[in-house]
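Just below sit the structures, each encoded as structure tokens.
Two complexes come next, and they have one chain in common, chain A, joined by chain B in the first and chain C in the second.
After this line comes the complex of A and B, so read on.
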């Protein structure tokens, strides 16, 4: 036993798969200890905030300010509002307006803005211009306002008694604040999802739930498969016939059909993560049954089993002591594959709208489902779906690597 | 001839048995669930309706429609009779459109998308797997890790990745639908072109997924065969490598065909989900609309059709296998 385990951990494929899997598992376990926020808490007002560091503006204004004289500050400020694309767009508008091309120099910022401010009129809509385009120019114009000013921004507060604004301070263009000193900073490494929930916290929690679903589904499938396979293989006769009839039946009847029918019949309200896992487990035992049965049949007439029979051991004793140890490696491998296919089955069901109920816990499939319903993929909100796919692929990739590694240890013929 | 007759009749009987089982499961599973399905359906349908008499009337109507007020064996006979007539009842969510009509408009999209994609993926995958086993070295080192990774990606993941790269970023192909949203299906060149363009992304995402899984299987099969005694023996005899390879791959192909028959259900299941990602107007999207619209008759009909599709495909592959596997022909001498 000790030797086998040592050999398993010498297999590079198994090690890589095991490391990836353990990393995911450890993150799922330890992340909630550091970030205690509720995974399904809606924090963002609006959909799909970009990943980044969110600094509270109110606290920022009131925190200690430092003066840094940096040469390229003004340049960067202008570039953030007025990139190459915006300059070309402005040129396009001005050309349509009738300004001759030689008068427009899009790289001379001052002249370009002056020309723009003198000529731009929000109400003009050229023939062939969509209203979305017209609105875009309106927004561009607003963002340009005061871009070249060198004055600071005056802060004001309303006087409680008179209702008048009183200046309380001024923010110069050279003022800086230290992010570490601002009271409220929230890092959203993966932004927010369509409901305004912290994607990373949700993703970690969803990975945990999905692993649990995979584990429950895998355990059920393996238990059923092992029991039926042992019965069919060892007892044989009519028991074998009946079990094999149903196994063959459910091999050809696609499990997705059973999953859809059962999940739908259970109904949205009763469908928790565990229920879904149980349903998946009960529809995916056929492969384990087949594999175990084939193994048991090849073992049934070995000498040590016959000897055990002659010694008067009971069927249970023979199965536990003379058969199970020989098929244990197959069962472990089948179990690993069942876990990963259980996770994939949940994801597929959820995308079809048949996953666990949405208010309870997040799962990888549900996150995918929400991202698709809100068209995150078409709107370019990569953080809402891409991390989910990566996690699903990594989990199933690591499981398969472990499986291949085990296979090579247990079946020396497969080693290269 | 005797071998063939025995093989084919055995397969036919098995096909009929699974067919009956599919009907029975489709009939029984929803009825096994706790609670009164008609009451649940009524409750879903009449949401927001205040009049108790009205609700009672809706309940009566559905009970009549499904025949739930009759004993179970009579219900089953009614169910079979209706299906044989092609009558799946009326859809709830697209009332009063018959379910058969909805199926008719979506099933061909799925058939035309999935079967060519799975077959092409199977062919390419097997070729690549065989080449990887034969050429080894560099080719194998590239093909294998890529195949393993791709085959671990779920079909919908591949669909999203292709959609974002080629549909959104590069904008080479449209992102959703089976044809341009501004078109009405007809037989003009414009429409056919639109269908072809919309076909590409869903098609290739299914092909790529199929390639990954098949290449891995074929590679280990071919490696196993390449080490077989007959290969070594023919090398001793000085038979050309080219001739031996032909036998090797023929032998390695056989289990791959059985493998296809066994995994076609899973493949179609995955591809249905990929259809949803592309809003392709096939059965996958129909399931989603049916689930969203609480459309019980539609779901039941779609699952039945999918089961029939998979069973027929499996049956066809097994028939084909009968012609290819020489052992079946040889069985007549037994």
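After this line comes the complex of A and C, so read on.
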């Protein structure tokens, strides 16, 4: 036993797969200890906030200010509003307005803005200009307001008694703050989803749920498959016939169809994560049964089995002591694959809207489902779906890798 | 040699696929890309051995022949397969499966681009005497000539028809047609016949062109509901008498057969008619003999020759097509629509540039099923309604495409100025709530003695745990997201609420039954803008006669009963005094906000309206002062937009 385990861990494929899987598992276990936020709590008012560090503006204004004199600060400030494209667009508008081309120097910011401010009129729509374009120029104009100002921004607070604004301070353009000193900073490494939930926290929690679903589904499928396979293979005869009759029946019907039908008929109200896992388990035992049966049939007439029979051991005893150990490695491998396919099945069901009901727990499939409903993939909100795909891929990749590694150890034909 | 050619050809193929995937922003870009590919194909072809070259050339020649032959006289199917883009307006978000029929007496045509009677009747094919303009509530003459008039005791509406008004077969539209249409509605018990039957006594032709709509009278000799007479003239189509008789003969005067007839031979009066339809798309073609080009109506034909609607698999497919410029007018809820111009820089606009982007007119509302355990208790209803975070629903579920309840405080009115002026806002200010008031909601429940007695985190009423489902149809994404937020509110106040999204096919068979026990908190739309509003909405929200009825498509789905509301609903239609009207509406609002039989979750446009200016421009918008409502360029006065369109590159 010790030897086998050592051998397994010498297989590089198994090791890589195992490390990835353990990493994911450890993150799932330890992340909630550090980040205690509710995974389904709606924190953002608005959809799909980009990944980044969110600094509380109110606290920022009130925290300690430092003065840094950086030469390129003004330049950067202007460039963020007035890039090359914007300059060209301004030129286009001014040309249409009738300003001679030689008077427009798009790289002289001051002159350009002056020229713009003197001429631009929001209500003008040149022939051939779409109203979308007209609105674009309006927005551009708004964003240019005060761009060249060197004054600071005056902070004011409302006087409780008179209701008038009273100046409380000035933020100069050279003022900086240290993020570490701001009371409220929330890091959203993966932004938020369409509900305004913290994607990373939700993703970790969903991975946990999905692993659980995979584990339950895999255990059920493997248990059923193993039991039926052993019985059919060892006892044979009419028992084999009956079991194989049902197995063949299930083989012919694609399991995804069964899954969809069963999930649909259960109704969403009853579909918790565990229910879905059980349904997946009960529809995916078929090939384990067939494979185990085939193995058992080849073992059935081995000498040690016959010897055991002659010794008067019961059927149960023989199966457990003389057959099971020989196919254990195979069963472990099948189990791993069943977990992986269970996770994928949940994702598939949820994308169709047939997964667990959404209020209870996040799952990977549900996250994909909602990202799709809110067109994240069309609007380029990659953080709402891509990390989910990566996690699903990593989980099933690591499991398949472990499986291949085990196969190399256990299967003499593949041994290097 | 052959290998090299294969290599070149596959490179060309990859290049063209790549170029196609790049979604070129302008027509020129496409042209360039195509030209580039064509050049390279030519180069490649030259290198190919003679016989291969001949084959390719033959194929190319065949294809060109086919393309060149696609003239206007050809089979509609072929034309529809490649409509001239510069003569076609593509609409999306109305038609989700194949057309069933063209029968103006049927309510099951599934022909949403063309045939939809109602407050803002869709008028590209069949026409109504008047067009409703939801912006200002005006009824603008279409088939009718000039405004209609009441008689002195408000029991009859009289209007005349335009002399120019013609059917597509060249015969004039007469008063007899209008009268016979009504008679047919009544005789065969169509939706319109049943809906208006209690209020309209008869529609009569006084002479060739003069029509009188007569109200049913109550014991005192007053019209039972003058509002519905007013609505009738802009809501229901006029159908030709001669053709109706053909239809009747074909149906053997049988009501079911008449309503099920697909009516492929229909005669209509509108500017467009059937051209082609299958399960992929629906295409209407302009009738160049349309009577409306007469100076007494539009003075011109509508600009686009074809109106087309591709049948998309789902919202996302339609959204992608809009982004790609394949759709000109989209009636879909597109989440974060502002990103299309702010981030993607596409020539796409909505009715307004800033949130809420559209002209909101309807009030998607969550009804409490008063038969569910605990929901007959006003404290429970109130607590749930107070706890829901409406700002988050509007910001997240609706992506800000609705004004907030701060901007438009809740009442029974939609956000339009006309309706907002119909109630005394001061008087009900104390009753209105903005939401996300968890403390307030908990206090209400504690006070009512509804507390968690067994320590499981959920409150009990008379020892029974309060547990509800929040239901809306599957795939209605903004509603689903809203229900999630309602459920989240439940958790915060110790009332278990889980979401449930049945398919629409199932949903619509359950919520319409007055005695259903399956849905506890469920969402239904509300009436938008129309000639009978806001009276129609008050009735829809609370009218006692709708409670407990089966197959109820009228309203009050929660089963709320309050005799005072019924009195108000019965009184309003005949009130002409503005002050009295405000008094009654204010009282109705008070009752609604006190008893909370249902609660509005957001405001929503009657029709979403997003336009793409890749091909067409000069679409109606809020800023242009033309007063053309944002209703797909099809509904009511919105059709005026079709006469105003211009090509971006003429």
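Following the convention adopted for this analysis, the second predicted complex is superposed on the first by the 408 of 416 C-alpha atoms of A that agree within 3 Å, B and C clash if a C-alpha of one lies under 4 Å from a C-alpha of the other, contacts with A are read in each partner's own complex, and residues count from 1 in each chain.
Quick note on the criterion: a residue touches a chain if its C-beta (ideal position, glycine included) is under 8 Å from a C-beta of that chain, and two chains touch if they have at least 3 such contacts.
As the structure is a prediction and not an experimental result, all values here were calculated from the model.
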When chain B and chain C are modelled together on chain A, clash or fit: clash
Partner chain in contact with A:48 - chain B first, chain C second, else both or neither: second
Partner chain in contact with A:353 - chain B first, chain C second, else both or neither: both
Chain B versus chain C as contact partner of A:255, first or second or both or neither: first
First, second, both or neither for A:40, with chain B first and chain C second: second
Contacts of A:196 with chain B and chain C, given as first, second, both or neither: second
Touched partner set for A:136, first chain B, second chain C, both or neither: second
Partner chain(s) touched by A:128 [first = chain B, second = chain C, both, neither]: second
Partner chain in contact with A:374 - chain B first, chain C second, else both or neither: second
Residue range of chain C overlapping chain B upon superposition on chain A, of 435-443, 453-461, 507-515 or 597-605: 507-515
Touching both chain B and chain C, residues of chain A: 353, 372, 377-378, 380
Complex contacts: residues of chain B adjacent to chain A: 14, 17-18, 21-22, 25-26, 29-30, 32-33, 37, 40, 148-149, 152-154, 156-157, 160-161, 163-164, 167-168, 175-176, 220, 262, 265-266, 268-270, 272-273, 276-277, 284, 287-288, 291-292, 296, 299-300, 302-303, 306-307, 310-311, 314
Interfacial residue positions of chain A with respect to chain C in the complex: 40, 42, 44-48, 128, 130-133, 135-136, 138-139, 194-196, 268-269, 353, 357-360, 370, 372-375, 377-380
Chain C residues touching chain A - in the complex, by the definition given at the top: 315-316, 319-320, 323, 334-336, 339, 341-349, 353, 389, 391-392, 395-396, 399-400, 469, 474-475, 477, 480-481, 484-485, 487-488, 497-502, 613, 617-619, 621, 624, 648-649
Contacting residues of chain A [partner chain B, same complex]: 248-249, 251-258, 260-262, 264-267, 340, 344, 347-348, 351-354, 368, 372, 377-378, 380, 382, 385-386, 389, 392-393, 396-397, 400-401, 404, 414
